[in-house]
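In the two assemblies presented below, chain A is common to both, partnered first by chain B and then by chain C.
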Partner chain A sequence: MKRYEVIIVGAGPSGLSAAIEAAKRGIKTIVFDENEKPGGQLFKQIHKFFGSKKHHAKIRGFKIGEELLKEADEAGVEVVLNATVIGLYADKEVVVRRGDEVSHYKGDTVIVATGAAENMVTFPGWTLPGVIGAGAAQTMMNLHGIKPGKKILMLGSGNVGLVVSFQLLQAGCEVAALVDAAPKIGGYGVHASKVARTGVPFYLSHTITKAHGEDHVTGVTISKVDEHFSPIEGTEKYFDVDTICMAVGLSPMSQLLKMSGCQMEDNPKKGGQVPITDEYGETSVPGLFAAGDVSGIEEASSAMIEGRMAGVCVAEYLGYCTEEEKEQILAELKEDLESLRQGMFAPANRGKEITETEEGIAVSKNLLQHGFLTEKEVEKYPGVVHKVGVHPVMECTQNIPCNPCQDACPRGCITIGENITYLPIVADGSKCSGCGMCVASCSGQAIFLVDEDCGDGSATVTVPYEFFPIPEEGSKGFGLSRNGEKLCEATVVSVKSVAAYDHTNLLTMRVPKEYAMAARFFKAG
Partner chain B sequence: MNRIEEHPILGEPQKGREVTFTFDGKEMKGCEGEPIAMALKANGVMIHRYTKKEHKPRGIFCAIGRCTDCVMVVNGKLNVRTCITPLEEGMVVQTQDGVTAKGA
Partner chain C sequence: MNQIVDRSRDIGEFVPQPDDDMLVCRCEEVTKGEIRKAVHDGMWTITEIRRYLRTGMGLCQGQTCARLVKGIVARELGISPAQLEPATARSPMRPIEMKVLGKEEVSDTWQ
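Moving on to the complex of A and B:
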């Protein structure tokens, strides 16, 4: 039996981060992953991440993945691909299957970083070809360049459902509707708003009652649900779609940990069956660690920190670093992790009803139910001010751990304050140059540049635009409202794209000035 | 067409050379090295197999090798997960009907 000082199961963001911390200290490290490529979920994520600089904010997921792989390579991490771990025992024996071959390894320590599996819901017709998981949709379009369908209905309004809906639009698919049985949108308001403004309708308190089709999906019926989530007769709505995409949550893939005999718990706040660990991921079995989604569903940013924590703990356990060194690094990592676990969507707040922001402003009900802010509501938030000349309008209204907008502005126009979850505000007396860096840096695509009165009865609105085809300068079309309705005629003044914007084009349109605070998207006419 | 020609963030998909394979005897084109299921999807194929007992159609569901909905008969071998098996020139891909190839 081959022996390693640390065996890591899973080469996603958490597993790779753990491996880097171990290998760079000279520890004999091996990582097994069942995939043919390393990186876990990261390579399917093409949006800019939230968080702060320390958490790689405003960098797209797949770019973070590339950086991580490079770092792992430099640290000398050995990754074995197409290798599924099928057994894990308390004495840290690991059973690996590669093709038809099964081999046994012994670890002095083991870190389980297997991530999560997608949940499913059933309804008549759910097994038809054309009903797919959100992960499958991402795999098809972002890894293989294949459209999952022409017209798609998305079930699930958590961040995964919202982000994947936007990605489907980017891939050139049509999204017919976004449906969720819950009465409120589960994911970030900014993610919902960027989907809503393209015209995708949201149906909260609705569920799928039937997928139609003989051989594959040809349509879907949804119905409104009552407070017990039972469909209400007579409320059926039919959509002509060829694909139904499910994004109804993730569950930790903790089977290996269970098999090892470490203590487990059923914790709904963490997404299901998880190992009981200390704050750095060590289970009840000394030397056996868990990191990332397998120990509680969170995000790639937190998974990477948890991985590093486990890696450092392993290093100390094996005598490769002193206890003081470990404590010092862990204290820093803990601070980074805590800052991500703040705000309205913090794991501790799951299931709680939040009615006010930290600033004491009422949370928009319309945003939670329909995915967009009303024109009246938007005025309540500190990122929305009226000024003469071009100025930023930040429609960011929920406390989320995110601050790249503040770092982006070279003129100090935007401040978040000492707490990363505070809402962005327009700094007093600041003068915006219209450079557009804030618009391109905003992970939530929630910042617009507005010149409310150009003096000739028109206004200009600059919006982030990540779609093809890119409208031509001078072309005519329509200004769309926050829910994607045609408001007014609009002319494209310019479309700017520079390397620093990282593929977020800045489209400036001219609209009649009464629509300056209403038009938030452009549609070619 | 089910292929993304150019993506606003990812640019032009990086693909292998064009190869020919057959699906239930019909000649089709795909890209070398992409999962067989992706080549089929690009050609508009939705049904990968029929279940044994109830003869119900199944197609891609997870696309990462976990659900086994996408298994087919590939080069005569049963139960090949087409979502994680790379396409090669000349492959013979058949719809799986229960535990045999369709029409077998």
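Moving on to the complex of A and C:
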């Protein structure tokens, strides 16, 4: 049996963050992970993250993963991969399987950061090959470079369903439809909008009633559901798809904690079985902590903060830092965590019906039901203004804790205000240079540069563009509306890509000026 | 959780449903109908269902079906899934061959 001062289970965002806080104070730290690579889900996340600078906003998930690994390495964290923790016993005894043998460890403290597993829903045919989880789709695309299918139907409109749908489109798959039994889209409106403007239809209040096929999926039938989520006969729609992707939530993988004997609760708001912890993750067993999704489903940014909290608590528990130091760091981390837990999508608002923004503007019903803002609705929001010359149009309509656009503008054209969740506004008297930094900085791809009247009957619209092939300058195609309908002919004026944009290309297209406020995507013709 | 189940409660007769033949636990090949029938046979806890049908005791150890089984049992009993005590968590947490479980690391010393 080997003894460690702290044993961490799981090398994802929270586990690694906890390990860094412990190891940099000189604590002998070991992290076990059953996977062959560390980083958990971070390395599957190719989109830019939301938040503030402190929360790694506008940095792509896998980059955050790389930074975390580097930091862990520098702090002297020992990460053991292909190491499955099969048991957690009284007195923090940990049993690990590696290869064809098991070994025993004893921790003075243990941090469980095992994350979550995907939920599934059942329907006739759900066990056919071709029905996969959204996580599997991400693993195939982003880790192994394999397309999960050619034509895909996505079930679930939370952020996972929306983000993975967009990634499927980026990988060159066709997304036939996005379906959710709920009456409104669960994830961020901006994530929905970037999928909708490519032409993917949204079917809310619908569910899958049958997957077709003998030995693999060849099609799917969806039906509208009533208020009790029961399918309504006669509303069936058939889609010719080879893959059905499910993004219907996550459940904490908390079995190790339950096994260890700490107090547990069944909390639907946290996603299921979770340990009862104090606000810093300590369970009812002294010295046993839980951090990240295993203690309640959130996302990677909050998991990293929770991990750091547990790491600092462990350091103080073991006598490597003073109580004052711990309290000071925890206060800072708590403030960070609270700023992430604000806005319409805050954990406290789960299940609540929000009809107005913090600014008192009605939330777009069309956005919640179909994934895009109508031309009339978009005018109500403070980021959408009309000016002479090039100017940013920010179609940001929900209160989300995120502010990179404000820092991105070198001329100070954009302000968020005192609260990080406020909608961005175009500052008075500001002069846009058209540099495009705001467009590339927006994790929701909701900022466009528009010159509404170029003087010759045309307008230019600059859109964020993250697809291959990149259209050539001068090539012709179509300007698409916010729901992906062909509106007008469009010519590509330029496609800019500089290092500071971080792989978000800025495609500027020329359209007839009457489509300046309607054309939001380009499709090669 | 941990509530004493009042077994004298009448949950009605087993009524067949059109999707009763749908697999729920794929590892042990248990259908929705079998789970629903088991409730009417008197298996009112997840532990009893597991021992009776082996749901969640296969390769994935309930990773996929635990939540689904819980939902089906709860609906049959007319209670919320949160009121059902989940299955006991035991080592080994992941499927493991007996020959591996029985093979301790040889360089086994206190450090």
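In the analysis below, the second predicted complex is superposed on the first by the 525 of 525 C-alpha atoms of A that agree within 3 Å, B and C clash if a C-alpha of one lies under 4 Å from a C-alpha of the other, contacts with A are read in each partner's own complex, and residues count from 1 in each chain.
As a working rule, a contact is a pair of C-beta atoms (placed from the backbone, for glycine too) under 8 Å apart; a residue touches a chain by one contact, two chains touch by 3 or more.
Note that the coordinates shown come from a computational prediction; the quantities given were computed from them, not determined experimentally.
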Report clash or fit for the pair chain B and chain C bound to chain A in the combined superposed model. fit
Is A:A117 touching anything from chain B or chain C once the two structures are fitted on A? First, second, both or neither. both
Between chain B and chain C, whom does A:E34 touch in the aligned arrangement: first, second, both, or neither? both
Which of chain B and chain C A:V85 touches, first, second, both or neither: second
Touching partner for A:E466 - first (chain B), second (chain C), both, neither: first
So, does A:S497 touch the first partner chain B, the second partner chain C, both, or neither? neither
Could you tell me the angle at the CA centre of chain A between the CA centres of chain B and chain C, given to the nearest 10 degrees? 60
May I ask you to decide whether A:M141 touches chain B, chain C, both, or neither, giving the answer as first, second, both or neither? first
Per the contact definition in the header, classify A:S475: touching chain B only (first), chain C only (second), both, or neither. neither
Is A:L128 touching anything from chain B or chain C once the two structures are fitted on A? First, second, both or neither. first
Once both structures are overlaid on their shared chain, how near does any Cα of chain B get to a Cα of chain C? Whole angstrom is fine. 5
Residues on chain A in contact with chain B in one complex and with chain C in the other? 34, 117, 127
Under the definition above, what is the set of chain A residues touching chain C in their complex? 1-3, 34, 84-89, 95, 97-98, 100-104, 117, 119-124, 126-127, 251, 253, 255-256, 258-259, 264-268, 272-273
Which stretch or stretches of chain B touch chain A in the complex? 2-4, 6-10, 13, 15, 34-35, 38, 41-42, 46-48, 56-66, 69, 83-84
Tell me, which parts of chain C touch chain A in their complex? 1, 19, 22-24, 26, 32, 63-65, 67-68, 81-82, 86, 88-94, 96, 99-101, 103-106, 108-111
Contact footprint of chain B on chain A as seen in their complex: 34-36, 46, 60, 62, 117-118, 127-133, 135-136, 139-142, 144-148, 170-172, 215-216, 466-468, 503
